[in-house]
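Look at the two complexes coming up: chain A is in both, with chain B in one and chain C in the other.
The block that comes next holds the complex of A and B.
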């Protein structure tokens, strides 16, 4: 079942003056969108607006993804920590949690609420404050320790899988600054894959890559798209855009036109 | 493993050791502090024996230790830790070294609540907790307003700071107006409240504050990765690592406001520790929030405990409020650290 992940409604993007006007577009799960158009026309600004880095001048951006890690953003300049290892860079930031983790966090939240309630109850000398206090206090500690352990294990597996997906397992401890440009782009891709985002927004992430690196990155991306994620990317190479994307958004004269690519 | 990773691991271990050492020093100093005061000065070991129950001591000695000094010492430790952590969180989330709970409206909200309770007699409850509850609820209210207005203006960190400053001025003006119409007794009560003192909280209060901190502290640590991402490369970097800067910033502001208001509702305004302890910690353990938060907490405890102990022993039997002592002792020490490490980036 396809799900709408992104809805752009009457959107104007730009800084003080609009660069692109009246955008009305949607993105469904499992879709690949390629944005094309000349430089300086507002493609990056559109991506930054979708990511929440720039406020829309008019209209709305409705994102139907989880708050933590639901949106994966690969900026043009990658934003890697150059002196840190590949593993460290991939592990940075939020990594989405499994159902088990969410269960733990729910139990902990309930315990915390109970604890606060017990504080109030005992403060104003109502009954049940004391017993609730002794029930919830240790509850918070135990769930915290258990979920911390689980999270650590899970994090290591996720990072390892992401490194394997972009074929960088042998560079695990290598500082990013010692890698080639293409390999660095693969690290940035792996960092996004590790978050298993529902929507990936990538700014020119295939440009300046040699064929080997392009193949590796595309393969890794297509795998996550098969599982229902969507990708919006800026792509200058029209042939490649047509090959990869379901739809192409062409930015021209301050407006966007959409072209649907038929499956061959 | 390459040199850089090894170096990082070695440094990280050193930092953990340093944090443990400061914690141990704080613990030992707490025992010393419980034996020292304007009356009934006890030696370190005598204090330890009385605390452990090995030596009963006289009734007066044990009453002074347990009823007077223990709540005070406990409040200094947990209060210092909470304020310093809140300061570190705010500075990280807003990427500004000048931000502290005092500049972000929490304190001005608390002062407004206290002034309303003292001068107008307007409060949520009608007992000894009137001022405490008013201070607590108003500081949260003011932070809520700041967050809402900040969001309306733009999504950047600066908008929160600017709105925070504006709201601080507005509530400051209301407090001044109330002071203008207050009687002498009310004025004196309000001034006393704003000094920030550890003699007010009872044992029960101190235990409640400690329990709240036990809950909130792990949440602060849980967000240390997100804070690292936010402070390392700004919003774009944060988003590329899966951290939503807007909601993270909002959550962290709420958490630090909660931590601060719980403490200052009981103690009155204590400002310096929230600004200085995170900066001092940064000089010791660097900018990694996984180490910076615990280090700020223990350093905050140590600072507060030291200032309070000096405040009540230096001119005994006169007790100088901890809020004043902190700035008197902490200020020059902070300056010394800053100037010694000149050129180091805060």
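The block that comes next holds the complex of A and C.
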């Protein structure tokens, strides 16, 4: 059964003046929405408002996804860390990916904090500090090492699968700055795949790509959409938008009109 | 029909003409203003510059040549090292200064990075950012020399007041450089990570630190170098290091030995600069692009391209 992931109610978006007014739209799970319209009309601002980066001028954005990791955002400038490796950039997505990862992460943080605290207490010989450290210290240390190991293994698997999906496994340790524009877009896509969010918001993520790169990125995205995620993307190529999307939101004169694409 | 640009009024065209020289105009005006202010301060006594030159000559004749006996082993205590230089005043003093600088840079860096993450406006709310900025300003408003005097009064002579003084100053100074570097980073990586629901510490450790690593490393190495140089100054007030010996020699007017110690400090600073360059090469694009050599700068374009890129310029034409 389809689930509503996003509800935009009487929404006005913009910075001081509204760029788009009275938006009343919804997004269901498994849908692909393409936003089209001329440059500078407010498409990016709409995406930033949906992602919670810009406050709406009026109305509400109701996101019915997990607060942490439920929304994946690919900005127009990609938002990659240029000096870090492909692996590090993709791993950023995995940080807030699954509940398992979050659980391991919490256990590790608690264990590290506990170890530091017991070390601190024993160092200052606070009453019970010394015995507390010798009783609990080794246990806490082992827990933190084990949780770190499990976290690392889990992360490696997620990152490796995402890297394979965008065919970048041979560039694992390469700094992002050395990759071509198309490869960088694939890294940004893989970062979102590693996160496996319920709703993906992508700003012109297919622009400046050659046909081969477009195919790789679309294939990877369609796989995650099949599993129930939704995609909202800004797309200037109308033919491609019609081919990929279930619905097209056209921004014109400060309003949005919706067109439903029939399945062929 | 093609539209021609609207003709400008004489005032606007004069303004546009002036604008093309704006850098030159601004620089000339600033230099002129600086000269005027300086003239007022020295009451027009520009002849001091020429008479001062004679004093420089006298000073150099008295200080030089440097006395390298500072590299010989001290007479007491007896040297038990394999090489005499390890028992010399220059080595012992410099090593202590480097140790003080290292410890205070490490502690200062940790303090600064924690505070700068709270002071950066793109990471923290305004109230927190402003209060941390005031704290950092207070820490660097006292130079390390004054911090050293304060700590010498509280803790007595030795390296500990030196370490604390330089740590405090490092936090204040490095904190400012760091939050400015963080504020100058691109917003796209921050937005991408924030939208995913990452917590503030996660954004800081996984996005901000790697993204600004080039600046952070460069600032840390600069601060280490700064602390080595200032380690020699704060030593003068009894906070340990090579400055203690420089102060002793100055009191006995042994300028030739002071001169040699200053040369040693200069060499250490240069070495740190090279280390900094090497460390930062891991996180910047220097290794990715070929740098022009002096030879190719001197040569005509085609010849330079031939040497630099290994292409046959004739073929390209």
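In the analysis below, the second predicted complex is superposed on the first by the 207 of 264 C-alpha atoms of A that agree within 3 Å, B and C clash if a C-alpha of one lies under 4 Å from a C-alpha of the other, contacts with A are read in each partner's own complex, and residues count from 1 in each chain.
We take it that a contact is a pair of C-beta atoms (placed from the backbone, for glycine too) under 8 Å apart; a residue touches a chain by one contact, two chains touch by 3 or more.
Source: prediction; values computed, not measured.
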Could you say whether A:146 touches chain B, chain C, both of them, or neither, answering first, second, both or neither?
-> neither
Answer with first, second, both or neither: which of chain B and chain C does A:173 touch in the superposed model?
-> first
Check whether A:51 is in contact with chain B, with chain C, with both or with neither, and answer first, second, both or neither.
-> both
Once the shared chain is lined up, is A:81 touching chain B (first), chain C (second), both, or neither of them?
-> both
Partner chain in contact with A:71 - chain B first, chain C second, else both or neither = both
For A:195, decide between first (touching chain B), second (touching chain C), both and neither.
-> both
Chain B/chain C common contact set on chain A | 48, 51-53, 67-69, 71-75, 78-79, 81, 83, 92-93, 95-96, 188, 191, 195, 197
Considering the complex alone, what residue numbers of chain B touch chain A?
-> 1-2, 4-5, 154-155, 208, 211-212, 214-215, 218, 225-226, 228-229, 232-233, 235-247
In the complex of these two chains, what residues of chain A are touching chain B?
-> 48, 51-53, 55, 67-69, 71-75, 78-79, 81, 83, 85, 92-96, 112, 115-116, 119, 123, 133, 137, 140, 144, 173-175, 188, 191-192, 195, 197
Where on chain C is chain A touching in the complex?
-> 186, 188-198, 202, 206-207, 210-211, 213-214, 283-285, 288
Which residues of chain A touch chain C in their complex?
-> 48, 51-53, 66-84, 88, 92-93, 95-96, 177-178, 188, 191, 195, 197, 201
